[in-house]
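Some structures to go through are shown next.
Next come two complexes built around chain A: one with chain B, the other with chain C.
And then the complex of A and B:
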């Protein structure tokens, strides 16, 4: 009951804002294309389109469109969760949220869902034009696959994001400056623009603790047509889900620690 | 004398707020280096076996600096007026009877300090990822003209953007869109010779392409699509006209808001 109320409130809040400011909606649609254009044009000016195809065996446009769409999906989760306490504090509502009877873990788990639904719906509009152009009718199947995997990777990122909120904000307070370092760092280690199986060993090892990185690897293996055994697919899926589940109790504890700290020390205004 | 004091006060205020307080510059530079790494790493897939690493690195270096300059003009100069309006500071600036543009004289050095820091950071990062950028000044005069044109064009653009944001109530996502698309579409990132024909023509129709072309030419990174001196003359004429238009438009919008009030104070 509480979860349903929370979800309804969050949906009203997010969708009212987005439909009020249509420019955000347009930006959601355009962002994957802008990022793709940015990288492909810059890349073509310093090298060649053909060199990219030769190295990775795929056209750069569908590759970077997929990657940019993934950025949007992952940020829908991580940004919503990581920024929420900062926004709440800035708006002056954090003390009220802290004193509500709602369990904070539930509150944080619900936060990204409305925006995630929106990104997934938008994925169905953004990806098909390019996929169909490059892969024909198979492009629709690919859209379904990418959108489903993006959904899974984003959902699996929720527990880790909450854990990050709990640990970071308990230790150093709600700092947007630190967040601006964490966000790109996560994008790098997730292997979004640079697949993790091509990463240097050290970076690859760090990526292992991030559940979505397994799903993203799976997605790239499919996109780059790398022959992958069925057992390896299941292995990647299993590890991602298992790690995400391991983070669940830890994130609950971390959020409770942050909450207790706020209650004890008060909220900065 | 009092004008100098105001400029100094603005400079100090912005320097402290943007770069010094809470180690803002350090955090921002770390963040930027990570974003750059995120976008630069996949660029290595485009490089040819035969391409010269310093040349490739040099092109990316100039592309980064031009892109950051556009971002600076959009957010630090154009959007700043809206931010001041939102915080209720702009009213005091207007009520003081001073020209709003005096703010820019104080802000621009802070922006240039930031740009220089980004330059050093980008150079170091590119050296690590691709090799040291090739930066040989082949023609100092053209480089000086190109840099001057870049500042003039960006200032004009910021005046138009600033005038529009305070008068119409443009929202953040629109500015974000413009600051991304403008350098992409007008040859800021790519030499015009490498752009597809329709995009090249479009870029030449805007004042933005000329400074970027001149800078790249002066550093020996690419050739221009027209004769270099013709490019200088067209670029300079276009930049001056653009500046006059920008300044006139800004003054017009300012008079309009003084007469009619602002359309929207909210920033989001």
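And then the complex of A and C:
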């Protein structure tokens, strides 16, 4: 029951903010298009649209639209989890959050769900126009596939994000500066804009510890029409879920450590 | 159930801070916020923790509300240890810190309360009922603030909402940190009246920090005077006043009527050599004289005679009893 109430609370919190600031809602709708346009224009100015198509076997527009949508859905999770303690501290809400007796791991796990739901719903409106333009009626199927995999990769990113919050904030306090460095690095290592199977070895090795990177690889294999055996699909899914589950107890410990640290230092009121 | 809601024994807390001495150099400083304080709060009473800024009031509230670990000593809230059984303590307390902050600006007052109700683990039906009750009790609905965004709230509304949140779980123990700081008189009075009612009618134990002597006297059944991390004395407001030497202040407003105030000053100094005397000009030819005396009757006749013989006119006259402020200055000075 606590989880249900927590989810209701977070939905109220997120949706009140988004629906009262219509500009945010509009941004959510436009974000994948704006980002795609920016990348394609930048790419065309320094490279060739046709060369991209020739090398990857896919048109850059659906490719980067998918990538941008993935960024948006994964950021919905990581940003909500990573920024919440900073936001709460600035607003003076943190002491009231800490004195609630709900388990903080449950609290952090629930935080990104409302925004994630919104992003997934928006995906059903944002992706089809472009997909249908490029792939015909198959675009609807592709939308379903991309939204489902975006959901899976985002959910599997929750435990890692909580672990990151626990470790980062325990070591250095709640710092948005650190987050601004971590965020783009995550996007690179997840293989969103640069498919993982094309990465240099070092980057590829780092990507192995990030659960969504497996799902994203799967998505790109599908998008680039790379023949993938069913067993390999299951393998990627299995590894991603397993890693995410391994992070669960660690993230719980990390959050507890952060909470202990806050209480030892004294929470700002 | 024990009659004691809060038991604090020899509680100590030190903060280690870094003082910047330049770009690269810094010096570690140790600030002793609490130096072994002990006190008890019973159910059904409002206990005031009264002291100046930096005395250790907020540190005490933070420790009791489990958001700060003490270095030493013991604090039991509702029968639970604040360090070992923090989660149990959290279930039974209501807390109010800085009234200016602590809510989400883009949510209305009602939504904020619903949000925290859910975080406190209350069911939807209980949340709905409590939120409506509290909005009514604190007159936020009357002020039209229930469905207004928190970012549009006045300070008085914020304080009321903050108290409403503290009461959401209907806790038996309330920890209120300067709940009326900066409030308009109407909101401050509303909160003071409610705090007294909650303790006396509903049997809640309330620890109330303030640096406002007047407020402490109005609200608190018992007062703990805290200064530099030590409780310097405690008791009811009347008990505290009775503990300081019986010095009363005779306050006279006089009109000089074309005479020199210096002449009167000289006369009074001769007649009452050991009595501290202050003279303050209020307006043209009108002065206030304040004399601190142990025995009013001994001085009175001679004082009035000296003034009237000199041709001065007495416009107003009163004898002031010691205030809580005098008590505080007396004890804080000796700490």
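We adopt the following convention: the second predicted complex is superposed on the first by the 267 of 269 C-alpha atoms of A that agree within 3 Å, B and C clash if a C-alpha of one lies under 4 Å from a C-alpha of the other, contacts with A are read in each partner's own complex, and residues count from 1 in each chain.
Just so we're on the same page, contacts are C-beta pairs under 8 Å (C-beta built on N, C-alpha and C of every residue); 3 or more make two chains touch, one makes a residue touch a chain.
This is a predicted model, so every value here is computed, not measured.
K.L.:
According to the stated criteria, A:220 is in contact with first (chain B), second (chain C), both, or neither; which is it?
P.N.:
neither
K.L.:
Given the touch rule stated above, what does A:52 touch, chain B (first), chain C (second), both, or neither?
P.N.:
First partner only, chain B.
K.L.:
So which one touches more of the residues on chain A, chain B or chain C?
P.N.:
B
K.L.:
Pick one for A:5: touches chain B only (first), chain C only (second), both, or neither.
P.N.:
Touch status of A:5: second partner only.
K.L.:
On the A-aligned overlay, A:13 touches which partner chain: chain B = first, chain C = second, or both, or neither?
P.N.:
The second partner, chain C, only.
K.L.:
On the A-aligned overlay, A:98 touches which partner chain: chain B = first, chain C = second, or both, or neither?
P.N.:
second
K.L.:
Between chain B (first) and chain C (second), which does A:21 come into contact with in this model arrangement: first, second, both, or neither?
P.N.:
both
K.L.:
If we overlay the two complexes on their shared chain A, which of chain B and chain C does A:178 touch? Say first, second, both or neither.
P.N.:
Once the two structures are laid over each other on A, A:178 reaches chain B alone.
K.L.:
Both chain B and chain C touch chain A; at which residues?
P.N.:
21
K.L.:
Taking the complex as given, what residues does chain A use to touch chain C?
P.N.:
So the residues of chain A touching chain C come out as 1-2, 5-6, 8-9, 12-13, 16-17, 20-21, 91-93, 95-102, 107, 262-264, 266-267, 269.
K.L.:
Can you check the complex and tell me which residues of chain C touch chain A?
P.N.:
The contact residues of chain C facing chain A are 15, 58-59, 62, 65-69, 86-87, 90-91, 93, 95, 97-98, 100-108, 111, 114-124, 127, 149, 165, 177.
K.L.:
Over in the complex, which chain A residues touch chain B? Could you list them?
P.N.:
Going by the criterion above, the answer is residues 21, 23-24, 26-27, 30, 34, 37-39, 41-49, 51-52, 55-56, 60, 64, 67, 177-178, 180-181, 183-185, 187-188, 192-194.
K.L.:
Sort out for me which residues of chain B touch chain A in the complex.
P.N.:
22-24, 27-28, 30-31, 34-35, 37-39, 41-43, 45-49, 51, 56, 59-60, 63, 171, 173-174, 176-177, 180-181, 184, 189-191, 194-195, 268
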